[in-house]
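Structures for review follow.
One chain, chain A, appears in both complexes that follow, with chain B as partner in the first and chain C in the second.
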Partner chain A sequence: MIKALFSILIFPGFLFVSVFGLFAEFFDRKIYARLQNRVGPPWFQTFADFIKLLAKEDIVPCEANPRMFGLAPIFALASVITVFLYIPLWKTETLFSFNGDIIMVLYLLTVPTLAFFIGGWYSTSLFARIGSVRCVTQLFAYEVPLFMSILAAALLANSWSLVDIVIFYTRHPLYCLFNLIGFGISLIALLGKLEKTPFDIPEAETEIVAGAFTEYSGRLLAILRLTIDIEMVVGSALLVAVFFPFGLTLAPITGFVVFMAEIMFVIALLSLLRTVVARLRIDQMINFCWKYMVPLAIFQLLLNLTLKRILM
Partner chain B sequence: MHKPEPDKFKIPVGPQHPALKEPEGFSVALKGEKIMGLEIRLGYNHRGIEKACEERTYIQDLYLIERVCGICSHSHSTCFVQAVEEIAAVEVPKRALYIRTLIGELERVHSHLLWLGVAGHEIGFDTLLMYAWRDREIVMDLLALITGNRVNYGMNTIGGVRRDISKEQAEEVLKGINILEERTKYYIEIATQETTIIKRLSGVGIISHEDALKLDAVGPTARASGVNRDVRYNDPYAAYGEITFNVITDTHNDVYGRTLVRVKELMESYQIIRQCLKKIPDGPILTKVPRKIPIGEATSRYEAPRGEDVHYVKSNGSEKPERVKIRAPTLANIQAVKHMLKDRFLADMPIVIAAIDPCFSCTDRSVSLENPGDRNKEIMTWHALRTYSIEWYKKQGIDFTELNNNLKNKLERR
Partner chain C sequence: MGLVKKIVTWARIKSPWILHFNTGACNACDIEIIAALTPRYDLERFGVQLKGTPRHADILVCSGPVTKQIEDRLVRIYEQMPEPKFVVAVGTCACSGGVFNGCYNIKGGIKSTIPVSAFIPGCPASPKAIIDGVVKLLQSLEEPKK
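What follows is the complex of A and B.
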């Protein structure tokens, strides 16, 4: 009981993942800034922002539905933190593993997007409504290639359980090379999930102010921002676990450090990608996803099916 | 807030909105992501500069007019000074003309680099913003070196310029220009090769050659639609008559074309600056002009970075002008924006507005109603205006008296 509470609240649950998420945001912003020839924020900036927002007043618009407006961010945060409990962090084992948990992880990662939609929609601001509709429109575009490419890797490992996938790829490290296309696709799809350039269409600042988050302030905004930070960490961790889960067989501490480094590597790739591109329009984004990413993901699926026949 | 129609939104972009750098009202009717209609409302930034000019002397006006625009301050003051000099029939020394041209071109460089950054930001490409504005610092430093100020240079005065340019300064300028030329080549490469930029810019905000002529677009906006108009070339002022350069035009007709025109104009500007520094003659920089300007009127044109700037000055023989009229380039271009946004997406709106390089504070107008009967009474009351309109319609043969009475009775019965 105490052990379960410890793992949910402290490690690797709420406290650890929050701190890691905020640190990851700093890391992302620092890399983004350095690539743009700027100095970037100091290490404590994200923590200071978070604490400052917590101390601010929550303003709920008169027209908004206060229950939905207040609950949406909490749902989003809860679901992303839950995901972290299913990802192997320091050994090839997770707290609550079962066969099929990779599907649950993928769906839990969808919950924040839906929560942003609900929060934005019920805040009744025009900007927020357009933002939230864009949120969901975009969801239909990136979610399919993301699922397909991650499940293709699972297919090769012949398991729906994250732990089994990790064990499989640790045993056959070279098989990871087959999944390179899938990794690229999921990296780009992750940019869409995290609403970062070129897919930051739902919160395009120069068009619709802050999209679904326009009316949020104070604690609720702090929770939303924390959610996005944790989503970034969790999404990257999922990619690492599925596509190159090396180092987990080492001693616990070393394995943990290596795994963290790999997560940071994925986050650095995300920052690099968003530095070099401009924001697409929503129609261009959907075209891109269905025209190029989905066929590539299908190709990856077929490739893995064929490989499975040959190799096993 | 009233309930919007189920499938039609009306979004206020402005007066306060992250896409706009100055307050201006755009009300966009949306159906899904498509723009169905656009209303533009000017006047949030009106400062009454033209009127204020009439109450100050010509020298004081110079400093006021410089503050019409924060970016093209030298353009406005040069344009005004040219008009005054024409009235006073002053021969401005050659060296002063060259210095004016030099500052004008440096200003164009900093304005176009600023625009490039803003355009990058509007399409969500913040890296371009950071790079362009970093390089803009070089030209800002050069301007500070020559004039002492980063903006509002205070270089012009009636009859010449106030500061001379030394040999060392000229060398510094050349050094800075060389660095900037390299950087600009890089930006041209980015603009013509980066896929996401081309995707976001080409085919957006189209205005055909005929429409550009009909709507009277000016500057890079017109030149990107193939309108070969540049005051520097067509009606040379300052030292432009003695300098060879190309007028950059493009036939893309869209925002992409406007981007290309601006980055290529940067390259031309570097050539003009080099020629200026090479050809600049020795001699005085100022002719003394009496404080009182003789009776007369003049119009002056100047190719500001955003397009043709027109100033009209009327003198009554005293040391204060009778009337000053400013037509900033944005006023000419703003009409085209509505046309460009027809049937486009909301996502294109920021970049299309930004693509004319708007300067709203230069453009803002106010309307005052004069009583046509009694000229001394400046502003008509609501009641007077209503009576006037009724009288006017009666003259046209339309009488609303009966209708008005019916309406009155109806209201009373309630």
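What follows is the complex of A and C.
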């Protein structure tokens, strides 16, 4: 009981993942700034932002539905934190593992997007409604290639449990090279999930002020921002666990450090991608996903099926 | 309580998010405000971020005299911002109405419509003056605690 509470609330649950998420946001913003030849924010910036938002006034617009408006961010935060309990962090074991948990992880990562949609829709602001509809439109475009490429890697490992996938790829590290296309696809799809620059259409600040978050202020906005930070960490951790889970067989502390470094590497790749590209239109984004990413993901799936036949 | 208050004040000083609003300026002050936000001065060093919506903003940066047409909008935007909120008037027109004071379509400086925390004179105010004004406003938050 106490052990379960500890793992849910402190490590690797709420406290650890929040601090790590805020640190990851700082890391992302710093790299973004350095690539633009700026100095960038100091290390405590994201913590100051978070505390300041917690201390601000909460405004619920009088036309909004207060219950849905208030609950949506909490659901989003709870679901992303839950995902972290299923990702192996310091050894090839998770706290709660079962066969098929990769499907659950993928679907729990979809919950925040739907929560953003619901929160934006019920705040009844025009900008928020446009943003939330774009949020869901985008979901249908990036979700299919993301699922296909991650499940293709799972297919090669012959298991739908994250722990077994990690064990398989640690035993056969060279097999990771077959999944390079899938890794690229899921990296780009993750940018869509996190609403980062080429795909930040739902919160395009130059056209629809802040998208689904337009009406949020104070504590609820702090929760929403924390959700996106944690989603970034969890998404990167999922990619690491599926595509290159090296180092987890080392001693607990070394394994943990190596895994964190790998997560930071994926986050750095995400920041690099968001620096070098500009925002697409929603129709261009959907065309890109269905015309190029889905066929590549299908190719990866077929490749892995063939390889499985040949190698095993 | 003292410690919590100190941390909150620290966070407020370290993360001012601004909203830029043109209340009828000739665009010169707006260009200088935008110049202050470019990588040349890199205000993200101090945690300043330009936000699109008044709900996310802490500081409303206004430029220009308040025209009769913009008056209602200015009040509405001010009221949409969550507490605690501050207003900075950038440029001579925003401070006092400037050369437009007394015109048939002008109400006066920003102070005539909403409370203002900091005045930054200049025609237009240079980016360095704007940064200096905002820093002085943030320092004034800290002083009563000492």
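Quick note on the criterion: the second predicted complex is superposed on the first by the 312 of 312 C-alpha atoms of A that agree within 3 Å, B and C clash if a C-alpha of one lies under 4 Å from a C-alpha of the other, contacts with A are read in each partner's own complex, and residues count from 1 in each chain.
One rule holds for everything that comes next: a contact is a pair of C-beta atoms (placed from the backbone, for glycine too) under 8 Å apart; a residue touches a chain by one contact, two chains touch by 3 or more.
Predicted model only: the values in this text are computed from it and were never measured.
Novice: Touch test for A:Ser7: chain B only (first), chain C only (second), both, or neither?
Specialist: The answer is neither, since A:Ser7 touches no partner chain.
Novice: Quick one: is A:Asn37 in contact with chain B, with chain C, with both, or with neither? Answer first, second, both or neither.
Specialist: In the superposition, A:Asn37 contacts both chain B and chain C.
Novice: With the two complexes superposed on chain A, say which partner A:Ser159 touches: chain B (first), chain C (second), both, or neither.
Specialist: neither
Novice: Look at A:Arg281 in the shared chain and tell me whether it touches chain B only, chain C only, both, or neither; answer first, second, both or neither.
Specialist: A:Arg281 contacts chain B only, not chain C.
Novice: Identify the partner contact of A:Thr82: answer first if only chain B is touched, second if only chain C is, both if each is, neither if none is.
Specialist: It touches nothing on chain B or chain C.
Novice: So, does A:Val209 touch the first partner chain B, the second partner chain C, both, or neither?
Specialist: both
Novice: Would you check which partner chain A:Asp58 touches, where first means chain B only, second means chain C only, and both and neither mean what they say?
Specialist: Touch partner of A:Asp58: chain C, not chain B.
Novice: Regarding the shared-chain residue A:Gly218, is it in contact with chain B (first), chain C (second), both, or neither?
Specialist: second
Novice: Taking the superposition as given, does A:Thr124 touch the first partner, chain B, the second, chain C, both, or neither?
Specialist: first
Novice: Could you tell me which stretches of chain A are touched by chain B in one complex and by chain C in the other?
Specialist: Touching chain B in the first complex and chain C in the second, residues 36-38, 127, 205-206, 209 of chain A appear in both lists.
Novice: Give the list of chain B residues in touch with chain A in this complex.
Specialist: Those in contact with chain A are residues 1, 4, 9-12, 17-19, 30, 33, 120-128, 130-131, 134, 194, 196-197, 199-200, 345-350.
Novice: Sort out for me which residues of chain C touch chain A in the complex.
Specialist: 7-8, 10-12, 14-15, 39, 42, 44-45, 47, 51-53, 55-56, 58, 80, 82-84
Novice: Give every residue of chain A touching chain B within the complex, in rising order.
Specialist: For chain A paired with chain B, touching residues are 35-38, 63, 124, 126-127, 129-130, 197-198, 200-201, 204-209, 275-284.
Novice: Under the touch definition given earlier, write down the residues of chain A that touch chain C in their complex.
Specialist: 29, 33, 36-42, 44-45, 47-52, 55-59, 127, 205-206, 209-210, 213-218, 221
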